[in-house]
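Here come two complexes built around chain A, the first alongside chain B, the second alongside chain C.
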Partner chain A sequence: MLRLHPYVYHRPKSLKEAVDLLREHAGDVLPIAGGTDLVPNMKHGLFTPGHLVALKGIDELHGIEERDGELLIGAAATLTEVASNYLVREHFPALAEAAAGIAHPMIRNQGTIGGNICLDTRCTYYNQTYFWRKALGFCLKKDGDVCHVVKGGTKCVAAHSADTPPMLIALGATVDIASAEGARSVPLADFFVGDGIWNRRLEPHELVTAVRIRLPEKPIRTLYTKVRERKSVDFPILSIALAATVRDPDVLESIDLVISALGAKPRAIGGLDKIAAGKRLTAEVIEAIAEQAHRQCHPLDNIIVEIEWRRAMVPVYVRRALQDLLENGRGKAAPGDGRGSD
Partner chain B sequence: MSEESGKRHDSKRGVSRRSFLGTMGAGTLGVAVTGRTAPAREAVTVESDGTHPVTLRVNGRRFDLRVEPRWTLLDVLRDHLELTGTKLGCSRGECGACTVLIDEQARYACMTLAVEADGREITTVEGLMHGEELGPVQQAFVEEDAFQCGYCTPGQVVAAEGLLRGNPDPDLAEIQKRMSGNLCRCGAYDHIFKAVRRAAELRRSTTH
Partner chain C sequence: MKHYLPDPDQIPGEAQPQELPPWGETRVVGRSLSRVDGYELVSGTAVYTLDLTLPDMLHAVIVRCPHAHARVVRVETSRAEAMPGVRAVLTASTPGAEIPWYFGDDGPTSRLFDSHCRYAGEEVAAVAAETVHQAWDAARAIEVEYEVLPFVIDEAEALEADAPAVHEGGNLTEQREFARGDVEAAFAEADVVLGGTFRTPCELHAPLETFVSVARWDGDRLTVWDSTQGVFARQQELARYFRLPLTSVRVICPYVGGGFGAKLSTGKYTVIAALAARMTARPVKLAVTREDSFLSEGNRPANTIRLKAAAMRDGTLTALEGEFLGSVGAYPSGAVSPYLLLALYDCANARAATTEVYTNAGRARAFRAPAFPPCAWALEQTIDALAEEIGMDPVEFRLKNLATVLQLRDDLPYTSIGLRECIIEGAREFGWESARSRPQQDGHLRRGVGMAAGMWAYPGEPRATVFVKLFADGSVNLNMGASDIGTGTKTVMAMVVAEELGVPLEQIQIEHADTGTTQYAPASGGSQTVVVSSPAVRAAAVDVKGQLLEIAAAELERPAEGLVLRDGQVVPIDDEGAAVPLAELRGLRQRQNIVGVGRRHPHPEGKIALPFCAQFADVEVNTLTGEVRVARLLAAHDSGRVMSYLTYENQVFGGMAMGIGFGLTEDRVLDSQTGKMVNHNWHDYKIPTAKDVPLEQTCVPIDPHDTECNTTGAKGLGEPAHIPTAAAIANAVYHATGVRVHDAPITAMQMVRLLAETRGD
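After this line comes the complex of A and B, so read on.
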């Protein structure tokens, strides 16, 4: 049985109270919303804060609404709410699908989109009990100074494993962040950094309060698909998010392709404008995009899945995703292709 | 200690291992149980020691208790309320043995802090009984032989109950999707899916 360590639990009613608590206990405090990532991580001894600040009782963090030409999703909206919300489904169906494919129904009933954006990176040698990690001499990310993935490595390569951020980045989303010092906003594309130990530009005393997506002026097609060992419960081992502006007949005006679950941050595939913009989505263009993705993706042994196979799957799934995007309008992946069971 | 829980510990059955452990737990806890039929005395107040007062409504009964913030809902249900139908499996949100309904929604009790369940309506597998009779989902699991070892079964039953409360007539795809957070290492999935279909029929034909 895995037990939690003792801590003081705070239940603020307002955002102001929450950020003040985070400042007051700086260095020894973490925020908790759904807790679906933090609770098991605490049970594994990966985080042992003396204080927890609970966010679910803060009204300002809830709700999904259209405001000033944007879709605003409060950080404490559960993944079930995001997956089933009519505004999300209407404007960004692939975001609803990304949320609907996370883990399994119980996690989605509890976990939040803010938590998904701030999900801790994952690695075979990290997401283990204290006993397990100790037996191996710990690792760079927690308690140790060696990397078991890259021998002699000095940089942690634990994988960004969250489902909604790749899709949100492809959609050009912005995150709102609050702290006792004030509020700021960052494009999600600039939010993540390639450091597996702490992969987000978010100070420990800061909170993600909302994510905003500009409603598209032109019709867009969006698609999210992923590979995982089982079609439920598991984190992705490869995830692909696509957002494209397409004008008839099938001419791409712009395309954003974000691939994740390989390294410490989601990777926006570069150079697609040259390959695809203004062109029809022909077999040749699809192939060129798939090749470009393959060149830029280099998975590591942070998950026990053969890395050559994982890399080889990148163009395969990009190709399938593009074909789905072409054939199914706004992009619904065909069932049974390795995406979530949802 | 309330009359009702005191009676349970001093019953004529003598001291079982479970009631002994329960008494030990209650010593640090201060449980006040309010039965629907027997209004209990005032809740026992414990001096502030980092515990939080919470009110849990479990299977229609109200429990006022003080919990440590590090106790999960599963810890409280099993170790302090003696509702051991809800099982401890992986302890980290991967298996579903600890599934309970919180405000009608299926959730993992091992991932939910007891303080987070304050004021919520909780249903465990014990709450699906109709007196001494099995509820329709339990009855369907028996009829369809939907288990081998049975360890995951309470979680499966509660997940199925949660599904059927929201959708009284789910198709197979919906059942597979909504039951996907409950693993069965014996692999009794086909029978479990049949049992959920059967449970849907039984629920419709039962008036309760």
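After this line comes the complex of A and C, so read on.
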């Protein structure tokens, strides 16, 4: 049995109470919502806060609604709620698909979108028990000063493994953050940094309270697809999020492509407007986008799946995603590909 | 099997009891009836060993070595001993803990707590405390100083001269050779010779209920509740470890959440629980965690098999040669088996050489047809390649070369062999010919079909004793020694009783798997449970039936031969209106109960009863990503009589699901830097999920009506169901893509690489 360390469990009823607790116990506190990521990590001895601040009892963090031309999703909305909410499904079906494909039903019933946005990075040498890690010597990300993935490496390369952030970034989402000092908002595209140790621009005393997505003025097509070894349970080993504004018929006005699960942060593929804006999604354009993505993606050996293959799959899946976008623009993987969503 | 189950040839048969005639048409046996314990299983009311809580029970946990190879220099327990709730701390120097440990029958090879730790996960110390949480906290507080040693985890490297020695005396555990005919001459004369080197992964045991024992002492008598496949084997081993007479050791096995071979031999956790219970004079429960069970409680070792085969253009298989290499892990066990190579096909010239080595990794245990799926992986792909080379359909080539006798055992005849029907019926139901000639679609998705055959080698221990007791109201108690490890043993046996006594299943209560109250039955492993115990159950029921009909004949004043038992009544065949409920028989009320004793008769002399199978796979390969999707599977099995249709189908589908894991996803990964297992959890060790198993699975039972194998006509099923699946998938992948995948599992990464090589990229 993996033991949890002793901690004080706080159940605030309001956001103010929660952020005050985070400030009061700064340095020795973490927020907890679904706990599907944090609790296993605590059992592995990766986090040992003396205080936990539970978020699910705070009404302000719940709910999914349209407000001021935006879709607002409370951070404590469960992944099941996001996946099944009619507003999400109507406006951003691929976001619903991304949420619906996470882990398995029990995790989705418990886990929240806020937690998915703040999901800790993952690595073969990190997501192990204390018993395991102590034999090899501790690593950069936790208690040590070496990287077991990149010999002599000084930067942690643990992989961003969450499903909803790439899609949210492609949709231009903004996260709302609260702390005892006040509230702030930041585009999700600027939220992540390429440091596997702590890949969020989020101070320990801060809390993600909601994510907002502007409702599109023009029709958009969205798509989310991912690669994993089994059709359920597994974290993605490659994920692809696409959002495109399309002028009839099939002329691209803009396209956003975000690829993740390879490095510490989701990667928004740059230079696509030059390649695709104002053009139809022809085979040439699709190929050019796929090549652009391939050039910009460099996975590291942070999980037990060959990196050569993961890199080689980037253009294959981008191509397929674009074709799928062209055909139906939903979040489903192509039929018969053997690795559909959950 | 030699490391896992007793050799049946060493077991003298008992005096021949009265032979029962084979069943004709059956009324209960063979039907699709719900499991007798189905409600308990699905409602959560079934009590497993893991659920047991005894009054005053302590919880024990094990401190394990975190290094692949190390020597224990010092164990400091004082901090742990002072912690709240801690009642005992056990180390190698604890009085009573200096127990020599047996892995197999060849003498002790270790100690309960061995200061020479040979793999990451080896037992170093243990703690018993009032709560499981206190025990784990105390375990963490035990400080162990290790001298870390160089390790070896690769089986080929283990044989090199300068390899670290896992045991004094070197890493080679066993080399064996088998040969018949003139292999060299056959290769020289053959029209076609081909071969290759195949590799299969190390698979980890993952029964839903992990490994757990609860131990309690009453004076010098030990009672152990254990999640085990065989209570009598456990009783014997515990008696040896604690130097007790057998009668002083009682082992009870409640519901078991799966065994798959891992729960055949005694684990150290059981003895540690018993030792801690004796030290504290309290009952002690020791449940091995999932992560620890991945490390320590067994695996099917990786195999490297170099195979060479020859055939004539007319389709005659003329030579087979195989070299097998595998690691047993850190302690004696079995790793490889050339059995299928030497027995499945009629082949006059065959040779096999096996090499087994120690490495610094967890010890192998029996694992659903131990080394047969690896051998099938290599053999059945080679047979396919031969068929192609001579331009013959793989089905036809196999049919042309089927063995009719067991060449491995001086051409011993089989009581029945339904392999031909398995292949023919299976191919017909599967639509083999039309699927083989299905045109490929344009694009990157390729479809293909493949098949593989198999057989299983263990006929079972011919010994078991069963009691059946009929109460005065016509209800029945079945008392048998066999564990039901989730396969439906209880249901099958209750159906046998119902068949003979004509009582409804709901009227049958089962007591089983308790050395104190039930009679000897072999362990539920080796696919022998139904084969060994169902004839004994039938004999016991027939014994009751004889006594009952005698009473009834006297009361009804009719000859016993003219009476049958049906629906809880005695029914005169020629006057059904005169039927009498059992409860109204005066003679039964006077006696209050009738007890029948049934014994397993010996195996037929000069013959052997073994099961056979053929499985078919239909796959789709994505040539861009390398992903393989199994679209449908079909299994045709000759396991003799179908005793219970639903549990039969369960076994077949379960075996194939495991085969998908073996062929496509499962693989223990050891870190090259540390020798430690990387994927010892259910996320990173990839067992197929429900969504990775095809919806379309078909079970085609082949019953050759074997009247010689035993008095119920059943042969084993649990293991054969798993043997050819992965090989059939690999052959289908070849048919789809022209790529012969030598290394299991067929990961997408490997597939992409091989497709590129084939294209010449």
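By definition in this document, the second predicted complex is superposed on the first by the 332 of 342 C-alpha atoms of A that agree within 3 Å, B and C clash if a C-alpha of one lies under 4 Å from a C-alpha of the other, contacts with A are read in each partner's own complex, and residues count from 1 in each chain.
In this text, a contact is a pair of C-beta atoms (placed from the backbone, for glycine too) under 8 Å apart; a residue touches a chain by one contact, two chains touch by 3 or more.
Predicted model, so just to flag it, every value in this text is computed and none were measured.
Trainee: Mind checking the superposed model to see whether chain B and chain C fit together on chain A or clash?
Mentor: Because the two structures are overlaid on the shared chain, the partners are seen to clash.
Trainee: Could you tell me if A:Ile304 is touching chain B, chain C, both of them or neither one (first, second, both, neither)?
Mentor: second
Trainee: In the superposed arrangement, which partner chain does A:Met1 touch: chain B (first), chain C (second), both, or neither?
Mentor: A:Met1 contacts both chain B and chain C.
Trainee: Is A:Leu136 contacted by the first partner chain B, the second partner chain C, both or neither?
Mentor: After superposing on A, A:Leu136 lies in contact with chain C but is clear of chain B.
Trainee: So, A:Thr124: does it touch chain B (first), chain C (second), both, or neither?
Mentor: Only chain C is touched by A:Thr124; chain B is not.
Trainee: Looking at the overlay, what does A:Val193 touch: chain B (first), chain C (second), both, or neither?
Mentor: A:Val193: touches no partner chain.
Trainee: Which partner does A:Ala183 reach: the first (chain B), the second (chain C), both, or neither?
Mentor: Neither: A:Ala183 stays clear of chain B and chain C.
Trainee: Applying the touch criterion given at the start, work out whether A:Val39 contacts chain B, chain C, both or neither, answering first, second, both or neither.
Mentor: Touch status of A:Val39: first partner only.
Trainee: Using the superposition on chain A described above, determine whether A:His148 touches chain B (first), chain C (second), both, or neither.
Mentor: In the superposed model, A:His148 contacts chain C only, not chain B.
Trainee: Go through the superposed model and pick first if A:Ala283 touches only chain B, second if only chain C, both, or neither.
Mentor: neither
Trainee: Between chain B and chain C, which residues of chain A are contacted by each of them?
Mentor: Chain A residues touching both partners: 1-3, 104, 231-233, 342.
Trainee: Along chain A, where are the residues that touch chain B in the complex?
Mentor: These residues of chain A touch chain B: 1-9, 11, 35-36, 39-40, 43-44, 52, 54, 56, 103-107, 109-110, 231-233, 341-342.
Trainee: Quick one: in the complex, what on chain B touches chain A?
Mentor: Interface residues on the chain B side: 50, 52, 68-72, 88, 91-94, 96, 99, 105-108, 111-113, 115-116, 159, 176-178, 180-181, 183.
Trainee: Can you list the residues on chain C that touch chain A in the complex?
Mentor: 61, 64, 66-67, 120, 132-133, 136-137, 140, 289, 291, 445, 620, 622, 624-629, 665, 669, 671, 673-674, 676, 678-680, 682-684, 686, 688-692, 747-749, 752-753
Trainee: For a test of understanding, state which residues of chain A touch chain C in their complex under the given definition.
Mentor: So the residues of chain A touching chain C come out as 1-3, 104, 124, 128-129, 131-132, 134-136, 148, 227, 229-235, 304-306, 308-309, 312-313, 316-317, 320, 336-339, 342.
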